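What follows is a group of structures, each given as C-alpha cells.
In what follows, subunit A forms one complex with subunit B and a second complex with subunit C.
And now, the complex of A and B:
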C-alpha cells in the first residue's frame, strides 16, 4: 500500500485559503480606495487635505448651476448617441460581409479592421487634425483639386462621425463572433425552404445576432462617455466641451485646482456609466441566448456576392481609408514636416528635425523608454496579477468569486482620466505610498486597475479552456489545489498568458488618459505627454511622438499576428 | 472486508436532489457497476466518493477511514482520499508525456526517482504500453489513451479504483475488446473497482455485482444473473435486456400466476406485484423468450406480421396486437401472414 499523500488537517486548508483571500482583498483595496476618495471629495467644499473643509453638496450645486456643464452633458449625449447610430449598422454590415460572403482578402482585411481599436485615440484624433483639419494634408489637396473641402471636423457632427467610424471595430468584433457561433445550418435551412440570401440575412441572421448588436450598441454608447482624446483635440479649437473635457478644463476655468468640483463632475459621469456597465452585463448574458443553437461547425458555403462584390469592396476600402489611412498617414507625414500650410511643397518640406529634437530632449526620451517599460515589464507584472486574481476565482462558485465578478466591473465604469486623478490623490496623501508617487509604479497601478475587467476576461477565457477533468484528475491523484494550479493549469494556459501579455502590452502602449494626472518627472509616458504637449501647442513634437507610439503598437501587433495570437475574443 | 462503504448518502444541486439516500458496499477484489439511465445520479455518486462533489448528509468510508461524514462535518478533499479515478474523457494531461502522466501520482507521494521509474515501467508493461512512455497523449489512439488513464490511476496502488463510463469514448468495435481487456485486467491484478455505466450489457459483462440506480436511489442490486433473470421491479425489468411491453388489466390471479388481458388478448404470467384484480398492469417479457409457434396450444397469441428485420445472426419480427407492437426473434425468414406467438408464463412478468 502506498502512503496517503501529505496529511490533511483543517489548519492546512486554512493556510491554503490565505493567499486567495489576500489576493482578493488587495484587489478590492486597489479598486475601492481611489473611488471612495472621489466620492468623499465630491461631498466636500474644498480639497480633502485642506484644513478648512466642510461636508456638503456645494460642489454639485456649483456645477449644476454652470451652463457649460449642461452644454457639455448635451454634447456628450449627442456624440455618444450619434456614434452608436453610425458604428452599429456599419459594424454589423462589415461582420456579415466578412463572415458570410465570398469577399476576398479576408486575412488581411481583418487585422486592418481592428487597427483603430489598438491605436491611441489621442493619436487618431491628432491624425485627423493634421490630415483633415482646416490646413490638413487631405483638406489642402482636396481644395487644390476641387476648389473646396466640404467638411469641418471641429464640430459636434465632425466628432460624432469620426468617433462613430473609429468605433466600428467594437461592434464588428461582437457581431462577427455572434455570426461565427451561430452555425450556418439555421441559415441554410431558410435557404432550402426558399428564402433568398438577402431575406435570410434579414429574417434569420439579423434577429439571431440582435442580442449581440444590442450589447455592442450599449458598449459604444458607454464608450462615448469615456471619450477624452477626441473631444480634447477636435473640440478645443471651437471650444466644444464634453463631460470629460469639461472636467479636465475646470482647473483652467477657475484658475485654482478645484478638486471638489472635479470630483463632483466625476461622480456625475460615473452616475451615467455605471448603470450602462450593469446593463452591458445583463445584455452579455442575453447575447449568449442563442449560443445553444449551435449548428454543425462544418464549413458553410459562402454567399456569392456577384456584382455586389465591388460595392462591398468599395465600402470596406472607404472605411479603411477614412478610419485608418487618413489619420495614420496624417501622423506619419506630419512627423517628417516641421512647417506645413497652404502652398508648402511637401517634397521640399520633408525633414528629420522633429526626431532630432525628441532625441535631444531627456524628458521625451524618458517618456519613450517608460512607455516601453510599462508595456513590457509592467504588462508582464499586470498579467501575473490578473492571473493571480483569475486563479482566486477559478472553479469556485462562492461568495468570494461573485464578489470579484462585480469588483472588476467597478473600474470598468470609471473613465481612465478619473482613475488617474483618484490615484494621484491616493499617492499624494496616503503616506506609505507617497515615496512611490513619482515612480512608474503609480502609473502601472492605475493602468492595471483601469484595465482590470479586460485583463481578467483574457485570463479567464484561457482558464475556461482547461477542461475541469484535467484538474480533477490531478486532485484525485493526490495534488492539492495550489499544486494543481502549478503543475497542471498554469502549464496548460501558458500560451494564452503569453498572448495576454502581448495584448496588455498593446493597450498599455495605447493608454493615455489614465496617466494624464499622474504625469510628473519620472512618470512620463508618451500618451500623457501627448495630452500635455498638445495643450502647449507643440504640434511637431506631438506628431513625432505619435508616430513613435504607433510604431510601438505596430511592433506588438506584428508580433501578435506572427504568432497567431487571437486579437479578439 | 469492505474497501468502500457508502451509507445513506444525500446530495443536491441547489434545490434539486440528486442522491436521495444511497447505501452500498464494495468488497475487496470485487467489481461493482453503477448502472442507470442518465440523470439517475450514478456519476454523481462516483464523484462524491472521489471527493469531487459535496454531499450534504450520509457517510463515506474508504476501508476503515471516514472520508465524509455529514453529521460529524468531516470532509476530506479529493487529494487526501487516495483513490484511483479514470475519467470518461480520460483527462490525460496534454502537456505531459505518458511517463510523466503516470509518474505524477508517485511524485506527489515523494516516491524516489529510481523506484518511481521502476513502478511506472511495471504498470505500463502490465497495460501493454511499454514502448509508448515518451509519447504525448495526442499521439496515442483512443484505446491507448484509455490504458494510460488506467495506468495513471493504478500506479500508486489505491485501495479502490473508480471508472467513469470507461468504454463510452471508444468506437463500437474497440469497445468489446476493451471490455474484455478491462475485466481480465481487474481480475488479474485483484483490483476493487467501482464502474459507472449506462449500458446494461457492459455492466453485466464487466461486474460481479450491479447496482441499478433510478432517480437518486438504488432500485435493485445483485449479480448480473439475478438482475437479468429475476427483476424485482418494473424499472429493473425494463432496464435490463430488450423487452416486449404489454399494457393491460389484471384479469385473474391464481397460485402466484396472473392473467393479464388487453384489447382482444389475454395471457398468463408470473405475478410481480399486488394481486388486486382489475388494476392496471404491465407485462414484460424478454425478446428472446418469445417464440414463433406452430399452433395455438398454451399461452399463445395469433398476430399479424408487420415487418421483419435481418440482424445477421437472426431475424427480428415486428407483430401488432391492435396498436401494441410486439417483437420476436427467429432463426429463419417469415413470409407475410399471421403467426402464433408463444409467451412462456414463467418468463412473462406481470407488474
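And now, the complex of A and C:
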C-alpha cells in the first residue's frame, strides 16, 4: 500500500476518511435497526408499541410449549437435510458433465440450468400445484395414460424433492466454478488407465472440489430453513408447517397480533442459521485456498462421454423437465383458462380474461410497473450502494473491513418475511423515515439489506480482478484514495458492475417474502402481491401475474446472455 | 397512477351533475357542510378486506355522486388490516379514514378500544337494529356461510343440505371424501374461527362433525378463493362454511361449482364499517360511510358487488330480504356486538383451538 503523501494535513485525511466511515455506519444502521427491533420485540409480551407491554420471556415460553413449533422445526430439519442430499449430488454431477465432458448444446443448457434460481419460489410452487397437484394437468394426463400418478407433492417428501430439484443450481454454480479452476490433467490420467467418465467424476474430479461441495451443501441446508413460498403453497393445506410458515401462521393465532411470538420464532431461526452463515464463510475461505493451490489450469481437454452421453443427456433433460418445464408450463396454462381439473375440457375453458382483469386493475398494473422500477432503477441504486460498501473495504485489512465482512452476513440469517415486518416498524416509528413509508423506497431498502451478502460478493469479485499494481501506480503518482477509486478502479470494473446490475435486477424481480408486510398502496410489487393474492385465493390472477413475472425475469436473462454477462460469480 | 387518471376522468365527466347530487334526499340541510368539507379534503382512505376488483363498482358509483372525493382503496386480509391500523394509530400517523372488514370481532374490538369515531349516520333510522353498534360501527352486508361442492363429482343424495347431512355424507362415504373436504384454517382465518364458534352455539351435532372432519383428514385454507378453486378443480369435493357471497360470484361463471344454503340454519356475517378516530379526512369518511349505508350504496352491494344488501328496503339480486324469505327463521346473523369479541382473549381462544384440535384428533383415531 502506498504511503500517505506528505502534503496531507489531518483535515484532508479526515475528509478522505469520512465517506468510508459514513458508508459503514449507514450500512450498520440499516442492518442492525430492524434486527434490534426484532430482538426487543421477542422479549416483550405484546406489540412493542402497545402501552400495556411487559418485558419477559413469555414469548419463548409460549412457542417452546407449542407442539406446532416442534413439529415445524422437525419438518424444517427434514426438508433442509433431504433437499441437501438431493441437490448436492445432482448439482455436482451436472457440473461435471457440463464442465468436463464433450456434451453438446452447452450454451443453451447452461441458462436453463440456472432458471430455477431466478424464478420466484412462489411461482414455481404454484406451478407445481397446477401441473402436478392431485388434479394437475400432468397428473391427469399421466393417470389417463398409465392409470395412476404415484406422487403426492403435498407431503414432506414431495416438498423435499421439489426443493432439492429447484436448488440444484445453487450447487451447480459453485461446483462448476471450482471445476473450472482445476486442471484436467489428473482426470486424463484416470481416463488413460481406463476409468469410465462416471468413475472419473466420482473418484477424481468431485473429491478434488470437496470444499466447494461442502460449502454449497451448507448453503442449501441453510436455504432450507428460509423456504417460505414452497411450504406456504404446498404444505399449508395439509397442515404441514415449517418454521417460516409457522411464524406466518402466528400472525393470527391469538386473534390479535402476536408480534412477540413471531419475533421469538425469528430469533430461534437466527440461532440456527447464523452459525450456518459463519460456517459458510469459513468454508468459502477454505475452498478458495484449496482451488488456488491447484494453480493455473492448463488447456482443458474434454472427456469423451461415449455411450454415457445418452445417460447424461437423459439426466439433464429429466431434470430440466421436472424443475423448469413442469411448473412453468403449469403457470402458463393456468393463466389462460377459466377453470381446470378433473373432467374439465381445457379447450373450452380458454380465456384471456385474466389478463384483461390485470390490465383493468390499477393496483396490479402499478405492481408490475413497480416491479420493473425496483429491478431497473432500484437495482442500479443498489449496485451503487454495494459498490460504495465494496470500496469501503477494498484492499484494506483493518478492523472496519472485518466488521463489514460479518455485518453483511447478518441479514442473510433472518427470514425475509420478518425483515420486511421490522422495516415496516422502522418506517412507522422512526420519524425521519415516516414520510417514505408508502413509497417504493421502503421496499428498496429492505431488498437491498436482505441481499447485501449476495451483492457484495458480486462486487468484490469484480474488484478483486483489478490488479493492485494499477491502483498503486496511481497512488504513487500522488492520487488520493477517492481519486484512485473514481478514475482507476471504477472504470476498470464497469462491465462487472453492469453484470451485477442485471443479476440484482433478476433477484429483485424474484424476491417476494420481504415485501409481504410492506405491501401498501404505492409499494405494490408482484412478489408480495402473489403472496397476498394467493392467501386471498385469486388463483387466476396469481397465475397471470406469475407469468408476467417469469417474462420479466426472462427478459433480464435474455439481456444478460446477449451481453455475455456471467450468470454467476 | 392509472387509477388517478381514471378517477380524474370521472371527476371531469360528472362535474356537471355534481351540484345536484350534493345532499341526498332526506338528509338534514346542514349535510351540505359535511359534503363541502369532504370535497375540500378531497380524498378518503379506506382499508378493506374486500378486494379492489370486487369493490370497483362501489367506488365508481360513489364517484358519480361525489366526483371531488378521490377514493384511496386498500385491500388486505383482515388480520393485516387490524395490525396495520393499530400500528399506525400507535405511531401517531393516521392511516385509514374508514375501516371495513369481515373480521367482525376485530372491528368491534377496535371500537371498544376507543379507536373509532362516534358518528350517527343520517341513514340510522332506516337501518336494521342489529346492524348498528354504539353509533360507531355499522354492519353493511348480509353474507351467508354456505357449503360448496364440485358439481361434476358430487351429485344427488351426496349434496349435503344441512349440517347433520354434511357430517353424515363425509363419514358414510369416507373413502371417496378422504382428504377431499375443505374449510377455513381457523387458526389463521378470523372469519373461519368466528363461524365455528357460532356453529357450536347452533348445531348440537358439532362434535360429530368435528370427528368426521378428523376422520376424512380435511384440508384447510386461510382464504375463500383457495377453497373455491380447489373444489372447482375437483382436488377437493366439498367445502364447509365458505363465505357465500364469494361463492355465488364464482358459481355464476364456473359451471363446476355448486352452492348450498344449509337448511337447518345459515350463519350470516356482516362486514363492519367504522370511521377511524384519528381519521385525517373525517368528513369524506362520513360521506363514504353514509353512501354505503344508503339505499343507493346498498343497491350496488346487492347487485354489482354481489355481497347481499342488509337493508330491507332494497331490491337487488342479492339481498337480506330474499335470503330471509328463502330460509325464514333459520337465518342466524352474527350479532354486531361485543358478545363476539370474547374469543379475542388469547387464553380463551387457545383453549377453543385446543379443544377443536383434540376433537379432530379423536376423529382421526390418533
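A few comments on the model shown:
Just so it is clear, the second predicted complex is superposed on the first by the 541 of 569 C-alpha atoms of A that agree within 3 Å, B and C clash if a C-alpha of one lies under 4 Å from a C-alpha of the other, contacts with A are read in each partner's own complex, and residues count from 1 in each chain.
Here is the rule we use: a residue touches a chain if its C-beta (ideal position, glycine included) is under 8 Å from a C-beta of that chain, and two chains touch if they have at least 3 such contacts.
Every value quoted in this text rests on a predicted model; they were computed, and no experiment measured them.
Of the two partner chains placed by the overlay, only subunit B lies in contact with A:488; subunit C stays clear of it. With both structures placed on the common chain, the touch criterion links A:480 to subunit B but leaves subunit C unconnected. Looking at the shared chain after the overlay, A:536 reaches subunit C, while subunit B stays out of its contact range.
After overlaying the two complexes on the shared chain, residue contacts for A:254 are found with subunit C alone; subunit B is out of touch.
Using the contact criterion defined above for the overlaid structures, shared-chain residue A:350 touches neither subunit B nor subunit C, since it reaches no partner. For subunit A, the partner touching the most residues, choosing from subunit B and subunit C, is C.
In the overlay built on the shared chain, the residue A:237 is in contact with subunit C alone; subunit B does not reach it.
If you check the complex, the residues on subunit A that touch subunit B are 1-5, 7-8, 13, 467, 469-470, 472-480, 483, 487-488, 491-492. The part of subunit B that touches subunit A in the complex is made up of residues 50-52, 76-85, 87-89, 91-95, 104-106, 108-109, 111, 152-153, 156-159, 162. The touching residues of subunit C, counted against subunit A in their complex, run 1-3, 6, 51-53, 72, 74-77, 79-80, 82-84, 86-88, 90-91, 93, 105-106, 109, 152-153, 182, 185, 187-190, 193, 219-230, 232-235, 253-254, 256, 343-344, 346, 349-350, 353. Of all the residues in subunit A, the ones that touch subunit C in their complex are 47, 49-50, 133-135, 236-239, 249, 251-258, 338-344, 357, 361-363, 365-366, 369, 424-425, 428-429, 434, 437, 517, 519-521, 532, 534-539.
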